[in-house]
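Each in structure tokens, the structures are laid out below.
Shared between the two complexes below is chain A, which pairs with chain B and chain C, respectively.
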Partner chain A sequence: MMENTNLYHSLSLILPEIVISVALIVLVLADLIFHKDKKYIPYIALVSILVAGYYTLIQYGTSGSAFLTSGKNTISLGMFAADSFSIFFKMIVLVSTLFIVFFSFSSEEIIKIKDRIGEYYALIFGMVLGMFFMISATDLILIYLSMELMSLSSYVLSGFTKLRERNSEAALKYLLYGAVSSGLMLFGISLVYGLTGSTNLYAINALIQSPEINLFTLAFACILIFAGIGYKISSAPFHFWTPDVYEGAPITITAFLSVASKAAGFALLIRFIKTTFVSYIDPLGMWHLLNVFDWRSMLVAISILTMTLGNFSALWQNNMKRMLAYSSIAHAGYLLLGLVVLSNQGILAILIYFSVYLVMNLGAFLVVMLIANKTGSEDIDDYDGLGHTSPFLGISLAIFLVSLTGLPPTAGFIGKLYLFVALVDAQMIVVAVIALLNSVVSLYYYVRVLKHMFLTKSVDETPVVSVSIPNIILVSSLVFVILLFGVYFTPLVDAAQSCLVILGL
Partner chain B sequence: MLTVGLNHFLVISAVLFSLGIYGIVTRKNAVMVLMGIELVLNSANINFVAFSHYGNFGLNGQAIALFVIVLAAAEAAIALAIVLNVYKTFAEVNVDEIDHLKE
Partner chain C sequence: MIGFPILSLITFLPILGMFLIMFMKKEQSKSIKYLTLGITALQIVLALVLLASYNYSAGGIYEEKSFQFIEKFKWINISGISWLGNIKIDYFMGIDGLSMPMVLLTALVSFVAALSSWNIEKSVKGYFALFLLLDAGMMGVFVSLDFFLFYIFWELMLLPMYFLIGIWGGPRKEYAAIKFFIYTLFGSVFILLVMIGLYFSATELMADGSRVHTFSMIALMNPANYSADGILSALNPDNLRLIAYIALFAGFAIKIPMFPFHTWLPDAHVEAPTPISVILAGVLLKMGTYGILRISYPIFPDITRDLMWYIALFGMVNIIYGALVALAQKDFKKLIAYSSVSHMGYVLLGMASLTTVGINGAIFQMFNHGTITAMLFLIVGVVYDRTHTRGLNDFGGLASQMPVYTGFVTVAFFAAIGLPSMSGFVSEALVFIGAFGVDSLRVLTIISTLGILLGAAYMLWTLQRIFFGPLNEKWASLKDLDAREYAMFIPLTIIIIFLGVYPSAMLNIMNSSVNSLVHFVTTTVSTTSLGGL
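Up next, the complex of A and B:
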């Protein structure tokens, strides 16, 4: 009897995931049934996203742990945490999925594969399902399984269109790097299991405080596990796949990888460190780590390395997608700084930054896609004069890039502001200065695109990129959000503030 | 009389892990790299089963090993499909040669 109520309770907590799984099955079946005419399939995807969003939002305020494991000694918390932190990240994933579906309507690359569109959406939902479980997982095995579910779908998607050589190259590189890092992560998990005898993060938190734990092995295991997660958030030194995959994959998938899968990776990293390694949180919201592994030093080093590498490599890129890939590596570095602070304030900064990053990055990719639809090229040299022939796209892209740099009055400024304030409050002035200098470097390569669009005269005729009405609405809504959050950001901050609850402790 | 204990299994898994990493780093053929990855996964499997047996952690570790075996199979299927696709495009599976994306 007890068991049954437990199961019902657990199932009610994973309703959004159930909706996504059902949608996945429906999409596969619809692909089989509507053999000839597949134009309804994107609408099935849209409706499922909205339904999943509804079930995610009504979870707001509840916080509970699903699939409790009754161990030998005590009943600890289960392997799946539903809390407001997970709701925030799930909404980020869902909103970006929604935009990706809109993008796919007008992407030339995706229109050309319309007979395989069912598989395309089914795989996207596979990724979403993996991300949802990653965001909520509090068990090492669930973490590994969900990461693999997401990775396997994304390997296929990155080579999905098979239109150009670079597609299959992207898929191969993504696959090889991904499989290696998840293998390393699994080995790390097996070591943690050997040290503690448990895979549940809450149980591990209690067990690693015992003096019998071999700290050297634990540190080794932590580094291996970080290899798996660091690959997902494309932090150095696991970022090598990013530029190649972002350039080679279809642009809708590139945009999806750069926002949603990074969000899931960050949610996983934050939850993993918070539940496993934090001993207590003081009233000021500072996290006090267990004295077993120095996450802070490692993360400071990695985040500085990540943003410096990302920003400096972006300087001499000529392909727009490749440049945005390096810029997304740099942004992963900034986002890691929020975690380095190890306080609720830092997490607040990450949540704000991510919501802003979602809008500006998707916007930039959307404009690049619209231009590539027309010109068939993503080279920055081909952008010469586009600001004059297609002023709407030029100005929109300018706003997105200025926001990515982090200048006022755009939302990117607000994101960076909260990050830097969190850093300064934690007395990490040096790190804040390094991050600030990095932002200055990033200004160069973002503005270079603007220079090509508005100042350089094109040698040949510059094509006029006409934009359809739905796309004008899509682009201008993204621009509107960027400018709105730049001046009126209180609602965003309030929403993030109410989503800081991470289950445990 | 030598009894086989936890340490023997750990040594085997460490050796397998190192061999796997060595294979991943040195091999140029994509299929050989994938085999290196399989070695890494299996070394983790040996760890799981050995720890759960000798550490009296219950059957959890062995269940995990089953999960990993299934996942490794799924990964191999997708990996080989992608390698096949690469072979069709480039007539080549050497990872050093497939490097057109860098300018």
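Up next, the complex of A and C:
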């Protein structure tokens, strides 16, 4: 009887995941049934996203832990946490999936493979399912399984179109790097299990305080586990795959990887550190870590390394997707800053930054895609004069890039502002100065695109990129959100503040 | 008081114009130009309305109730969770004797620059849309009293300026534009950091008795608002006020531009189209000194007093260095650009004196430099339009060809030299009187007076090289000024001479504010609480 209510309760908490799974199966079946005419498949995906979004949102306010381990010891928290923090990240994933479906409607690359569109969406939903479990996982086994589910789908997707040699190169590189890092992570997990005898994060939290734990082994295990997660969020020194994969993968998948999989990785990292290593949270919202591993020093070093490497490498790029890849590495560095301060305020900054990053990064990729549809090129040199022939796309891209730089009055500034506020409040002034100087560096490569679009005269005839009405609406709505949150960010911050609840403690 | 939000109107009118222009057709270039001109003219009217109902005896600076035309609304108000506190940002505008001259200057220079933009032919729509955005940013900086709002406007100008130099500029425009952009962004990130630091160090007393962190400049000026553990609070023995002051000062100094941060200016000026040079020299440079007077001085009075000698030193270096480099120039526009560096040095010197006379002189010099340099760049523009060269040695004897033009040039040059009966004389004299009266600055002041001599040298030499001597036969058919150019020069000339003869018209506007600024900066003791201030 107890077991049954436990199961019902658990299932009710994973309703969004169930919806995604059903959608995955329906997509595969639909692909088999309608193998002649597949034009309905994207709509199935759209509806599934909306339904999953509904079930995710109605979870708001309820929080609970699913699949409890039996109550032998005092800790009875399960392997899956449904809380408002997970709702926030799941919505980030769903919104970006929604946009990716919209992008796929008009992406030339995706239109060329329309007879395999069923698999394409099924794989995307596989990724989403993996991300959902990653966001909520509180058990090392579930963490590993969900990461593998997401990774395997994304390896296939990054080489899915097979239109260019680059596609296969991207997929293979992604797979090789991914295999190594997940192997490392698995090794780290096994060490933790060996030390504590448990895979449940809550249990580990209680167990690693015991004086018998070998701190050196634990630190080694932490670094190995971070290698696995750092690979997903493309933080240095695990970022080498990012530029190649971003450049080679179809642009819709690149955009998806840069936002959704990064979001899932960050959610996982935050939850992992919070549940496993925090001893208590003081009334000011500062996290006090167990004295077993110095996360802060490591994260500071990695964050600074990541943003500096990302920004300086981006300076030399001539391919738009590659440039945005390095820029996304740099942004991973900024986002890590929010974690570095180890406080609720830092997490708030991450949530705000992520919502903004979602909009501006997807917007930039959308414009790049629309231009590539027409010109077939993603080279920055081919953008010469585009701002004059296609002013709408030019101005929109300008706004997205300015927002990525973090200049007011765009939402990117608000994201950066909250990060720096968190840093200054934690009295980490030097780190803040380094991050600010980094954003000055980033200005150069973002503005270089503007320079090509508006300042440089094209040698040959600049093509006129015409945009269809749905895409105009899509781009303008993203621009509108960027500018609105740039001058009035109360709703954004309110939403993020109400989603700070991380289950446990 | 006026029954409508006049400061918002004067700030956002250009943005409205920008949207109108975006919906106009490319071919309607004439109407776009007239629209821009109309909007800038309307700004002048609004500025004059402000002036007409301006209360000359209100001090402003640190006292909210003596600011005029205040508009204060809640903009961002996030009732936080306990550990985060409230985040409160006000939409807070108002003017006092410090900002009133700048508002007048911005309206005037924008109008003149709009007139001088008449022969822009390339992408007219984009040009005037960006021009108006720039205008809004400048006006916003001068009327904002909330640090956050100030910063938004401050940054808002960067992008239009980048494009205006980068698209419509000269041969090395791309280099000049990105140099300007990166330099100023580099400066403004420090301003941002200090802004956040101040936010955490001070709180403002709300009507309901609670204390919340604040971006309000006026609340940040009151030492009683600082908590003992704030990193920028004087009560905190480990405070970082000195470092913060230097960072903030550097952020503003890049805009002035103060030696050694000046290297972007000659590039930007030489490459920018004439109207943008006019705006750059006429208004943008003043934002740096305005920021120092509005923010650095009253928020950090203790550090200001400690560092006044260094500020004066940098002023002196600016004066002498700018003048010496100007003397060596062969390009007319570059010469004027370096003369700007020299003339902004007077502003720094006057500010550093911390006396009423000196600061009056500094603000008056900001206004006068705005009008005079605007005129000088217009002068370069006129001759460049006709001859497409700016080499000082390419000319000669133009006086016989363009007598009226030569007349205006003479007025502007003499004003720049600081000839009595021109406005520049009065402000430079006040600066020197103010600085000389302070014992510690006396030597620096004496050296700085050399700047006048050097100024006369390069200006008169230029006058001679271009306008006198034998006529260069190449330019035998140059036309004198047309009606539009008259319309640009006449108002500026009138103002320059009028303020030279009757400086009180401007000095009275700023006097009571300067008095309260000097009083506040020289007497405020930051380490003890002064409740009533």
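By our rule, the second predicted complex is superposed on the first by the 502 of 505 C-alpha atoms of A that agree within 3 Å, B and C clash if a C-alpha of one lies under 4 Å from a C-alpha of the other, contacts with A are read in each partner's own complex, and residues count from 1 in each chain.
One rule holds for everything that comes next: a residue touches a chain if its C-beta (ideal position, glycine included) is under 8 Å from a C-beta of that chain, and two chains touch if they have at least 3 such contacts.
Note that the structure is predicted; figures quoted are calculated from it, not measured.
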Which superposed partner A:165 touches (first chain B, second chain C, both, neither): first
Partner chain in contact with A:443 - chain B first, chain C second, else both or neither: second
First (chain B), second (chain C), both or neither touched by A:210: neither
Which superposed partner A:456 touches (first chain B, second chain C, both, neither): second
Which of chain B and chain C A:190 touches, first, second, both or neither: first
Chain C - residues contacting chain A, complex: 75-78, 80-84, 87, 123, 126, 151-152, 155-156, 158-159, 162-163, 166-167, 173-174, 177-178, 181-182, 185-186, 189-190, 192-193, 196-197, 199-200, 231, 240
Parts of chain B lying in touch with chain A, wherever the complex brings them together: 13, 17, 20, 24, 30, 33-34, 37, 40-41, 43-45, 47-48, 50-52, 55-58, 60-61, 64, 67-68, 71, 74-75, 78-79, 81-83, 85-86, 88-90, 95, 98-103
Contact footprint of chain B on chain A as seen in their complex: 72, 141, 144-145, 148, 152, 155-156, 159, 162, 165-166, 168-173, 175-176, 179-180, 183-184, 186-187, 189-191, 193-194, 197-199, 243-244, 247-248, 318-319
Complex contact set, residues of chain A against chain C: 283-285, 344-345, 348, 388, 391, 398, 402, 407-409, 413, 417, 420-421, 424-425, 427, 429, 432-433, 436-437, 439-440, 443-444, 447, 450-451, 454-456, 487-490, 493-494, 497, 500
